[in-house]
Amino acid sequence: MPHLEITDLSAAYEADAKVLKDVNMTVDKGEIVSLIGPSGSGKSTLLRVLMGLLRPVGGQVVLDGDAIDYTSKSSLRHVRDRCAIVFQQYNLFQNMNVMRNVSIAPIKIKGWDKKTVEAEAADLLAKVGLADKHKAYPDELSGGQQQRVAIARALALKPEVLLLDEVTSALDPELVNEVLDAIRVLASEGMTMIIVSHEMAFVREVSSKVVMMDEGTVVEAGPPAQIFDAPKTRRAQEFVSKILRH
Amino acid sequence: MDYTFQFGEATRHLPYLLGGAWLSLQIGFLAFWGGAIIGLLGALGKEWGGPVVRGLVNAYVVFFTNTPGLVQIFFLVYALPEVGILLPPYWAVLIGLILNSGAYLTEIQRAGFTSVRRTELEAAETLGMSLMQSVRYVVIPHIAKVLFAPLSNFYIWIVLGTSMAAIFGVEELTGRAINISSSNFRTIEVFIITAAIYIAITVVASLILALIGRHGFRVKAKIF
Amino acid sequence: MLERLISEAPRFFNYYNTVFLLQAMGNTLLMTVIGCGVGFILGFIIVYLRRSEGLAWLPVRMVLIAYVETFRRIPFLVILFIVLFGVQGIGIQVSLFGVAMISIAIIATAFISEIIRAGFDSIHQTQWDTASAMNFNRLQTLWYVVLPQSWKVILPPAFAFMVMFIKDTALASQLGVVELTFAGKILANRGISAILVYGTILALYFALSYPLTRLGAWMEKRFASPGNH
C-alpha cells in the first residue's frame, strides 16, 4: 500500500480555470518523488493542495490508508500533523529568531516539552550547518541560510512526508549546494519526500521516481532513467531535450 | 426590555429632517471650501513664507488641531461679546468650522506640495516646458492626484462635524432631530432615522467623489 | 476688558475651581482612553471574525462589515443621543459618563477595526499560509505571527485616533457629562468672564492633546525605522 495516494485530483484558484486536472500519483514510504515540469504547470499548486492551503475541487488524497477530507478541520489537522512543507521563498516568521522559528510549532502547537524540542532543534540546526545562528533573525541571514532554517523548521515537526518546493530556486548558485547537501542527508536517512526542483542532475541523483507535469496534468511518471534517457511521451521528450541542452 | 420600535410616527418627519440634511450639506460645503482656501494660503505660507509667516501658520495649525472645534465655537459665541463682537449662531458656527478645517487642510495640502519631487520639475524642464507649463501640466495634476483621497475623506469628516451646529440652535439635520425629539416620544426612532440619513448622504457624497476622482484625476478611489 | 480679566483671574483660579477643572480634564482623558481601549479590543475581535472562513460565518461577516461601514458615517453627537435614549428605552441604569463611554467605544470600534485590519493586511499572505501549514489555528497565527509583526503598523494610527477623539468628547458636554467642556459651561454660568473660562478650557485641551500628538508622531517615526525586532 502506498504511503500517499493521489487520485484524479483537481484544483482551481478561480472557479472556471482548473490548474490541476485529474492528477494521479503515488508515493511509497521512504520514497523520494520529484516533480518536474515547465513553469506554471501546477507543481506548487499540487503541494499547496496536499497541505490544505488550496481546497481541491475533485479527486482524493489518501494518506496512510485514510482518505483526507479537506473540508474537515480535524482531517486537515491530521494531514498537517504528518506532512510538512518548505516553501520556495522560505517564509520564515520575521518576528522570531532562528531557534524560535524552529521550535515554536512543536512547543506551542504540538505541545511537546520545551527543553526536549530545543535540544532537538539545536541538533537539526547543527545538521544544516547553522549551529552558531540560533539568535539571528531572518533578515540577518543569507537566502541559503534562511532556506536551511526553513528545512530545519519543517523537520522539527517530525513529519512522515516532507514537501520541498523549489527550495533552491531563489538562491545564488554558490548557495545551492549547501541546501542540496542538507536534502541529501535526509534522503540517506530514508525520509519520504516530494521534491519540486529545477536541478535536474540532483533530481536524477536522489529520486526514486520522477513525475513530469504540464498544464496541470501528469504527462509521464517513472524512474529517473526512464524520464531522462528514454521518455515515452512526446511532451516529456520535448521538455527533457530542452532542459538537458543547457 | 419591553420597548417596541415604532417608526411610523417618526417617518412623518422625514421631509423636515431631509430639509435639515440639505442645510448640513451646505454648511459642510462652505466649511470645506472656506477651509480649503485658508489651507491653501497656510500651506503656501508654510512652504515658501519667511520665518514669521511660517511661525504664524504653525501656531494657527497647532492651536486649532489640538483643541475641540466645539469649544472654539463656544469661544466665538460667548467670549467675543465681551469685547463687543456679537456673532449670530449660524455665523459663529460657520466661522468656527472654517477656521478649524483650515488648520487641518493646511496640513493636508502641504503634504501634497511636498510630494512633488524636484526631479519631476527637472524632468519637465528637460522636456522643454516653461515654468508655467510645468506647473500646469506636471505639478497641479500631480498634487491633485495625491490630494484627492485625503480631501475626499476630509469632506465626509466635515459633513459629520457640522452636526455640532445643532448645539447652537442651527436647524440642520441633528438640530431638527433634537427639535422633533423634544416634542415627541419616539425620540430614539427619530435619531435612528437621522443616523440613517447621515449614512445615506455621506455614502452618496463618497460615491460622487469617487466618480469625480476616477474620471477627473485618475484616482483609483476605494469607495468603501 | 483686560482689567476685568486681571481682576477675575485670581478668583477664578482658586483652589476649588482648579481641582474641579483638573478632575474634569481627568474625566475627558479617562472616557477617551477607556472608550478607545474597549474599541481596540472589540475592533480586534471584529477583524478576527471578519477573517473567518466558510458559508456558516457569512452572515456574521456581513453584519460586521455593515457595522464598520455605517458607524464611521454617523456623527458622534447623534450616537450619543441614540445611546442615551437607547439605554433609557431599555430601562437600564447607566450613568451619563457610561453613556459617553459606550458611545465612544461604538465609534472607536468601527474606526480602529479598520486600522487593525490594514495592519493585518500588511502582513504577507505567505506568513498566514506558512502558519496554517504548521497547524496554527487563526488565533495562534494572530498571536504568535501576525500581531508581533503588525503592532508597529497598528499602534501609531490607533493612538492618533485616540488623541483626535479627546477633542470629539467635548460633545459629551451636551448630555451633561462633567468633562472639560461641561466644566467650562458651569463656570461660565457663574458669571465668570467667558474669555477667561473658555480660554482656559482651550488651553487645557491643548495641554492634553499637544504632548500626546507629539508622542504619537515620535512613535510613528520610531516604529517606521527598520531593524528593531
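So that you can tell them apart, the chains are marked A, B and C in the order they are listed, and the count of residues begins at 1 in each.
In this section, contacts are C-beta pairs under 8 Å (C-beta built on N, C-alpha and C of every residue); 3 or more make two chains touch, one makes a residue touch a chain.
Predicted, not measured: the structure shown is a model, and the values here were computed from it.
Looking at which two chains touch through the most C-beta pairs, you get B-C. With centres computed as the average of Cα coordinates, no chain lies farther from subunit A than B.
Chain C has its Cα centroid nearest to the centroid of all protein Cα atoms in the structure. The distance from the centre of subunit A to the centre of subunit B, each centre being the mean of the chain's C-alpha atoms, comes to 55 Å. Centre-to-centre, using mean CA coordinates, subunit B is 20 Å away from subunit C. Mean C-alpha position of subunit A lies 47 Å from that of subunit C.
With touch defined as above, subunit C holds no residue shared between interfaces to two or more other chains. On the side of subunit A, the complex with subunit C involves touching residues 48, 51-53, 77, 80-81, 84-85, 87, 89, 91, 93-97, 104-105, 108-110, 137, 139, 157. On the side of subunit B, the complex with subunit C involves touching residues 1-3, 62-63, 65-72, 74-75, 78-79, 81-83, 156, 160-161, 163-164, 166-167, 174, 177-178, 181, 187-188, 191-192, 194-195, 198-199, 202-203, 224. Those residues of subunit C whose C-beta lies close enough to touch subunit A in the complex are 126-127, 129-136, 140, 144-145, 148-149, 227, 229.
Residues 1, 4, 69-70, 73-79, 81-82, 85-86, 89-91, 167-171, 173-174, 181, 184-185, 188, 193-195, 197-199, 201-202, 205-206, 209-210, 213 of subunit C are the ones that touch subunit B when the two sit in their complex.
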